[in-house]
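To keep things clear, I will list the structure first and then write my remarks on it.
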Amino acid sequence: MTSPLLSVENITVSFDGFNALDGISLQLMPTSIRVLIGPNGAGKSTLLDAIIGHVRPSSGRVVFKGRDITHMEEYRIVRDGICRKFQAPGVLESLTVMDNLNLAARRRRECWRSFSRGVAGGTYEQAERVLKLIDLAGKRNLPAGQLSHGEKQWLEIGMVVASDAELLLLDEPAAGMSHGESEQTAALIRELSSQHSFLVIDHDMAFVDQLDAPVSVMHMGRMLKEGTLKEIRNDPQIAAIYLGRDKEASVA
Amino acid sequence: MKKRLELSFDAAMLAALALAPFYLSSYHLSLLGRFLALAILSLGISLIWGWGGILSLGQGVFWGLGAYVLAMHLKLTGLAPGDIPDFMMWSGLDHLPGWWRLFQSPLPALVGAIAIPAAVAAGLAWLVFDRRVRGVYFALITQALALAFSTLLISEQAYTGGFNGLTDFTTIFGRVIIDPGFQRGIYWITLATLALCFLGCRWILNASFGKVLLAIRDGESRVRFLGYNPAAYKTVAFALAGALAGLSGALYILHVGVISPAMVGVVPSIEMVIAVAVGGRASLPGVILGTLLVNFGKDWISSAMPEVWQLAMGLLFILVVTVLPQGLAGIPGAAARLFRPRRKRQEPEAPRREMRKGAAMAAQEKD
Amino acid sequence: MRSLLNRYVKLAVLCLCGLGVCGASSAQNGTVKVGVLHSLSGTMAISEVTVKNATLLAIDQVNASGGVLGKKIVPVIEDGASDPAIFSQKAQKLIQQDRVVTVFGGWTSASRKAMLPVFERFHSLLWYPVQFEGNECSSNIMYSGAQPNQQILPALDWAFEKGKKRIFLLGSDYVFPRTANLILKKHIVQGGGTVVGEEYVPLGGTDFSSIITKIEIAKPDAVFSTLNGDSNVSFFKQLAAAGITQARMPVMSFSIAEQEAKSMGPSLVNGSFAAWNYFQSLNNPDNKKFIAAYKSKYGKDAVLDDPMVHGYVDVLIWAAAVKKAGSFDPNAVRKAATELGWTDSPMGQVKFADNQSLYQTAYVGQLQPDGQFKVLWQSKGALRPEPYDALAFPGKRCVVK
Amino acid sequence: MGHAAIIAGQAFNGVSVASILLLTALGLALSFGVMNVINMAHGEMLMVGGYLAYVASRIAHGPMAFLLALLLSFLGATLLGALLELTVIQRLYGRPLDTLLATWGVSLILQQGARSLFGAIGVEVVAPRWLNGSFAVHSGAFAGLSLPYVRIFIVALTAVVLVSLMLFIARTRWGLYLRAVHQDREMAQALGVNTRWVDLAVFAVGTGVAGLAGAALALIAPVTPTVGQNYVVYAFLVVIVGGMGSLLGTALAALSIGLITAGAQMFTSVSLADVLLLVLVIVFIQFRPQGIVFKRSRVMKEA
Amino acid sequence: MLSVEGVSADYGKSRVLESIDLTIDPGESVTLLGRNGVGKTTLLRTIVGLHPAAAGKIAFAGENVTRSPAYLRARKGIGYVPQGRGIFPHLTVSENLRLGAAAARQGPIPDHVYDLFPVLSRLSQRKGGVLSGGEQQQLAIARAMVSQPRLLILDEPTEGIQPSIVQQIEETLREIRGRLKVAILLVEQYLDFAWSIADRFYVMRRGRIVEQGSPRDSDPTGIHHLLGV
C-alpha cells in the first residue's frame, strides 16, 4: 500500500463569511486521475486554488508527498511538483510559444541560475516534445498573444505538461475544444497518467467518460460523493442536484 | 548576410563614437561623454521598466549613491594628509568620519560605487516586492524615497556637503582632471563601459532571466504558478538597475566634477525615466538614443529659449505617452503598420476592462 | 525589422555627433561676449531673474557710453535652472562654445561651487554677486557679495548693543545658513550671549508650526533668520497667526531684501530687521541714478535690492578693470580690478581687496510699511572682507595667486 | 508653557498639517480608487487654487471676500480638472503608470504657465481680518496654548469638506453611481450608469478639492509655481497608507502622518522627520500592504 | 426588437466571434446554446455593449447601437444579468435595486419587482456581498427588471444555484416573459429549462452560430450532438 501523493484534509475557505469550501477532504494516489465535477460555483476551482496556495484555507491542511504545504509559498508548492492550468488561458503573451514551454519546462527556477544562456539539460528536448504533442510546432516562434483562444488553451495544457510536475491540476482543459480535440486531450492525459497524477475539472461528461477515472462530485463547497462515473450517474441524490438538470449527460 | 550588415553598422557606430574626440568640439565632447554615462542608467531603467514592468521614480537615488561614493574618494585624494574636506571644516567637523575612510583607496570606492546602490536597491525592492506591492504603489514609494534621499543629503551637511554637494576635485587616480588628454581618456572609458553594459544587458535579457522578467510583466501570478518567485527576479533586476545607476553616476561625475542633492531628487529622477520613455522603454539601442536626444535637446532648447524648456519637456512627456508609447523605437514599427492592412482599432471599452482589473489588483495582485 | 530599427537608431546617433562639428562660433569684430548665467527656471528663479535684469542694465549703460576698448558688449544669457550640474555645464558652454571673456552669475553656493572647477580649468573669470558663507577664495572668482564679517557679524554686534543676548538661529537647510550659524554661535558665546535654539527647514518648506512651538518654548530675545525665499512668507505668516509680534520678539533676516519684502507684502514683515550692504533707501547720487535707470528699463513698480546692485556693480567694475588692463584677458582683468581703488557705487564706496572680495559697508535696516528699509545703523566705513572667520576657522587664510 | 499645553499644541499642529494633506489627498484617493489614475499634476491644482484665491482677493474686498476666493478656487480647479480629464487622462485609462508620466508633463506645463502669468516670485493672499489672532488659553493645565484662528479655520474647512463628501457619496444618487463604478465598473455601465460622466465628475471634484486646499494653504504660505510639488509627494504617501479609494482610510492616514510628523519634529529636525516618515511608511506596508482600509471581497478577488 | 448582423469580435488578437447573425422579436424568448468557451458570453457582452464589435451591426428597437456605449443601450431597454451575477458587494440590496432604477432614468422601484421576488423586501438593508448565491441571482434579475427593460439578457442564471431556487427563477422568467411581455435572451446549459422556456434557439460552436430552430420542431438528440456531447 503506497501513501497518497496528495491529501486534502478537511479544508475550509471562506470569503466574506461565505464558505466557498466547507470541510473538503480528498486523497489522490500517485499516477492516478481524479475528476472533479459539480455545478459552477460548487467550489471546484477554489479547491485547486487552495491546493496550490492561491487562497489560504481558514482551517484544515493540504499534504503533498507527506509534507504539509498548506502555508507554503505558491512558487515553492509548484517547485515541489504541483502545476496548474487555469480556467482562462494564462499564457505569457509577449513570449513566443517555445519560450512559454521553455519557461514551464525549466527545472532551474531559482533566480541566480537564470543567467546562463543555454537551456539546461533536457529542458529543451522536453519543450520540443511537448510542442509536437500540442501540435503548435508551426507556430513555435509566434508570440503567444497572437494565438487563437483554442491554441492558447492547448499551449497552456502544454505548459503544465512540460513542467513535468508529479501532480497536474487541470481546470476545464477541454473547454472550447471540438469533439475530436477533447478526445485527443483525454488520450493525452491517460497516456501521461503512467507517470503523473491528474486532478481534472470538467463539465463535459463525454470527456469525463473518456478519462475513465474515479469522479468526485462537489456541491456548495462540499464533497457529495466519490465513485465511478457510472455510480455517480445512478445516484439519485446527485441526479437531483446535478445530473438531473443536465440531460445531455444522462443521454451520453 | 543581414547579420554581417548589422555587425558592420555596429562597428561603424562604435567607431563614430570612439572617434568623436577628434571631430567634436571640446564642449560637445564633454556633453556627449556625460550623456553616454547617463545612458548606462537608462539601460537599467529599460531593464526594470521596459522588461520587468517596474516603474521606478527613484533611480536618482541609486545614481546619486554611486556618484557620491566616487565623489567621496575624489574629495579624499585631493587632500593633504591630516586635512579634512573643506565643507566638513565649515560645518564644524574637525576630523574625518570613519566611514569616509572606507573610500580612501580607489578600489573600494569603485566597488562601492556599484555595490552600495545595488545593495540598497535590492534591500528596498525585496521589502516591497515580497509584500506584493507593485505598479503605481511602487512608483510612488520610490518617488518618496528620492525626496527623502535628497532631503537627507542636504540635512547632513557635515558628512555629505549638504546642499552644495561635493565638488572641486583635482585629481582622479593620480591624473590631473584639467589635463585635456585626461578628458578624452574619460570619454573613451565611458564609451567602453556603456558598450559593455549594453552587451551585458542584451545577454541577460536573452538569457532565461530576461524571459522570466518579460513573463512577469505579462502575468506575474502566472509566472509564480510555473514555480518561479517573481519577487526574487524583480529584486535582482532592480538591484542590477541600481548597479547600473551607480556606475552611471560614478562616471557622470568624472565628466561633470560635481554631485549635489539637486541632481538626485524627485525631478531629475523623473527626467531619467522620460528619456527612456522617449527612446522606447523596451529597446536597448532606443533608450541610449532617447537619453542622448533628450539631453542634447534640453541643452539646446534651454540655451535658445530658457522659458520654453519646461513647456517643451511637458509637451514631450504627454505626446510620448499618449501618441508614442513605444517611444522612438516604436516609429519604424508604426511606420511599417501604416503600409500594412490592419484590423479595426480596439474600441475604448476594451482597455476599460483592464482598468477594472488594474484597480482590483493595485495593491494585492489577483488573477 | 530589428535591423531596420538598429540602423535607424545608429544613423541618428551619427547625425548627433555631426551636430557638434558645426556648433562652434566666434565673436565678431567690434563686439565682445560676456556670459550672464542665472537660474531663469526652477526654485531659484525667484531671486536670480532680477539680478540678471540688473546685470543687463549695467551692460546697456556701458554700451551706451561707448563700450569697452571700443567693443560693444554682447550678453549671452544662459539658464542655470537652479541645478548646479547645469550651472557647470552652461558655464563650460559659455567659455568654450560662446567664447565669452567673463561670466556674471550664480546665486547659491552650490551653483558657485559647481562652476568653480570649470572657471579654474579654463582660466576664465566669474563675477559672483551674492552674500555667502565665505571659506572660499579662488583666483578665478570675483566675490562681490558680502563675506560673513560684512553682514551677519555686524548684525550681531548691533543686536548685542541693543541688549538682545538670547538668540534663536533659524535657517533654510543649505550651506549658507548652516555655516553662518556656525560662525554666529562662536561669536554669540564669545560675546556673552546664549544660543537658545537652532533649526533648519528644507528649502521651500512651508510648515513652521513645530518650529514656532519651539521658539515659544525657548523665549529668545531675537530670531536670526537665514531662511531663504518663499519660506520667509510662511514663517512670518505663521508667526503672526500665532500672535508673536515683532515688538515682542524681533526677527533679524539675512535673506529678506526689498524684493522679498515686496512679494511678501510689507505689512507682514513690517518692523522686522535686515542686514545688508545696500538698501534702496540709501541716500546717495549713484543710487538715485541707478534706481531711475532701472525703473525706466523695467517699470516704475520695480524695487531694487542688495544682490541686484552687486550684479550691477560687478559689470561696471569689470568694464573699468578691462580699461585699466587694456585687455579682456581674465588674468589681467582680475589683477586690474583689485588695483582700481575706491569707486563710488549705489551702495557707497567700494573696492576689491587683494583677496578678490569687495570692501563694503554693512547696514542694519528696519522694514517700513512702504516696503522700504529705514537704515538704523551702519558700519564705520567699508569693512575689509574676511573669507575665513578668525574665531570659527582659526589659522585659515585666503591666498589668491 | 506647560507640558500639557505643548503636547496639545503640537497635536493641533499635526491636525492642521494633516488637514491640508487630507484635502490634497482626497482627490487623489478618489481618482485612484475609482479610475486607477495617478495624477502627478494634482499638486498643480493646489497651485491653481492658490493663484485663484490670490486673483479673487485682488478683485473682491470685504470680510467675506475670502469665502468667495474659496469658491472660485474650487470651481476653477474643478474646471481645469475636467479639462485635463477630457484632453489627457481619458486617453490613458487602464495604463496607470503612463498616466503618471503624462500628468507629470501636465504639471510642468502648468508650473511654467503660472510662472509666465504671475512671475516666478510667490504671491500672497492676505487672510481676512476675522482670521487674525488666535484662540489662547491663559489658565489651567493648558495655559499658554494658543491656536491660531487661521489653522482652526483650515481644520474646520477640511472637516466640512470631508463630511460633505462622505454624505454625498453615501446619500446621493451620484454617490451611489460612484460607489457602483468603484466596485464593478462594467456592471454599473450595463445598468445604465454613464461611467464617462462619473469618471469626469470624480476627477474634476477631486481636483476641485485640491483647489480648495490651495486656497487654504495660501492663508499660511505663499503661492508659488512650485507650491504643489512640496505637498503632492506626501499626499501620495497618504493615499498609499490610507488604502485604495477609501475616504475614511485616507482621513486616518492623513491624520497619522500629520501627527507623526508633528511629533517627530519636536525631537529631531524637520528634514530628519521627513526621512523618518518614509521609513515608517515602508515599515507600515510590511504589515498592511493594502493600506489601513481595504475591502476584501469575493468580487474583487475574482476580478 | 434586436438584430445582430454579421457581428465579429476579437479578444486581444484572437477572433472569438465570427460573423454572428441573430434576431429577437418583441416578447420573444430565445436561448443560446453551446459548450463552455464557444463565445456565448462574449456575444452577450457585445450585445450589451461591454465588448467592442470588430465588425457587423447591432440594432435595438430599430436603432443602430453598434457604437453606443453600454449605458445608453441599458437606457434604451436592454437589461443584463451577467454570469456571476455582478452584484455590488458593498451596496445594500435596496441600493443595488435603486441603481437599476436610477441609472435607467426611471422613478422609484416598481412594486412588481418585489412581487416577483418577495424575498428581497425582507433583505433590503443587507449588503449584496453577504447574500447567498440564490438570493444574489434573484437580486440580479430584479435589478435588471427595475429599469423596465424590453429585452432581458441572462447569462447562465441557474449556475451554481440550489434546485429549489432554480425552480423559482424558472417561474419568474416565465412570468416576465408571459405577463410582462419582456423579450428574453438566455444562455443556459440546463437544457430542460432552456428548452421549456425558449420560443427559438441558436447553437454556437467555436465562435459561430451553427444551428438554429424552434424546440417544437427539433430533435433534442440532434442538438446534443451539436453541443459536442
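Structural remarks
Order as written gives the chain letters A, B, C, D and E; numbering starts at 1 within each chain.
Just so we're on the same page, a contact is a pair of C-beta atoms (placed from the backbone, for glycine too) under 8 Å apart; a residue touches a chain by one contact, two chains touch by 3 or more.
Since this is a predicted model, take the numbers as computed values, not measurements.
Here the chain-to-chain distance from chain A to chain C, counted in touching steps, is 2. When every chain is reduced to the mean of its CA atoms, the largest separation from chain B belongs to E. When you average the Cα atoms of each chain and compare centres, the chain farthest from chain A turns out to be C.
Two chain pairs, C-D and B-C, are compared here, and B-C has more C-beta pairs in contact (counted per touch definition above). A separation of 30 Å divides the Cα centre of chain A from that of chain E.
Our note on geometry: chain D versus chain E, Cα centroid distance of 43 Å, whole angstroms. Residue positions 16, 18, 93 of chain A each touch two or more of the other chains.
Across the assembly, chain D contributes 112, 115, 184, 186, 195, 269, 271, 274, 297-298, 300-302 as residues in contact with two or more other chains. Residues of chain B found to touch two or more other chains are 151, 154-155, 307, 310, 353. On chain B, the positions that touch chain C within their shared complex are 2, 5-6, 9-10, 12-13, 16-17, 20, 23-32, 34, 86-87, 89-92, 151, 154-155, 157, 162-165, 167-169, 177-178, 256-260, 262-263, 268, 283, 285-286, 288-289, 292-293, 296, 299, 302-303, 306-307, 309-310, 328-329, 331-333, 336.
Partner chain D is touched in their complex by these residues of chain B: 55, 57, 124, 127-128, 131-133, 135-137, 139-141, 143-145, 147-148, 151-152, 154-155, 266, 270, 273-274, 277, 307, 310-311, 313-318, 320-322, 325, 348, 351-364, 366. Remark: chain E residues 48-50, 69-71, 74-75, 80, 82, 84, 86-91, 95, 98-100, 102-105, 129, 143-144, 147 touch chain D in the complex.
Of all residues in chain D, those touching chain E in their complex are 173, 176-177, 179-180, 183-184, 186-196, 295, 297-300, 302.
Of all residues in chain D, those touching chain B in their complex are 32-36, 38, 88, 91-98, 100-102, 104-109, 111-112, 115-116, 182, 184-186, 195, 229, 233, 236-237, 239-240, 243-245, 269, 271-272, 274-275, 277-279, 281-282, 285-286, 289-291, 294, 300-303.
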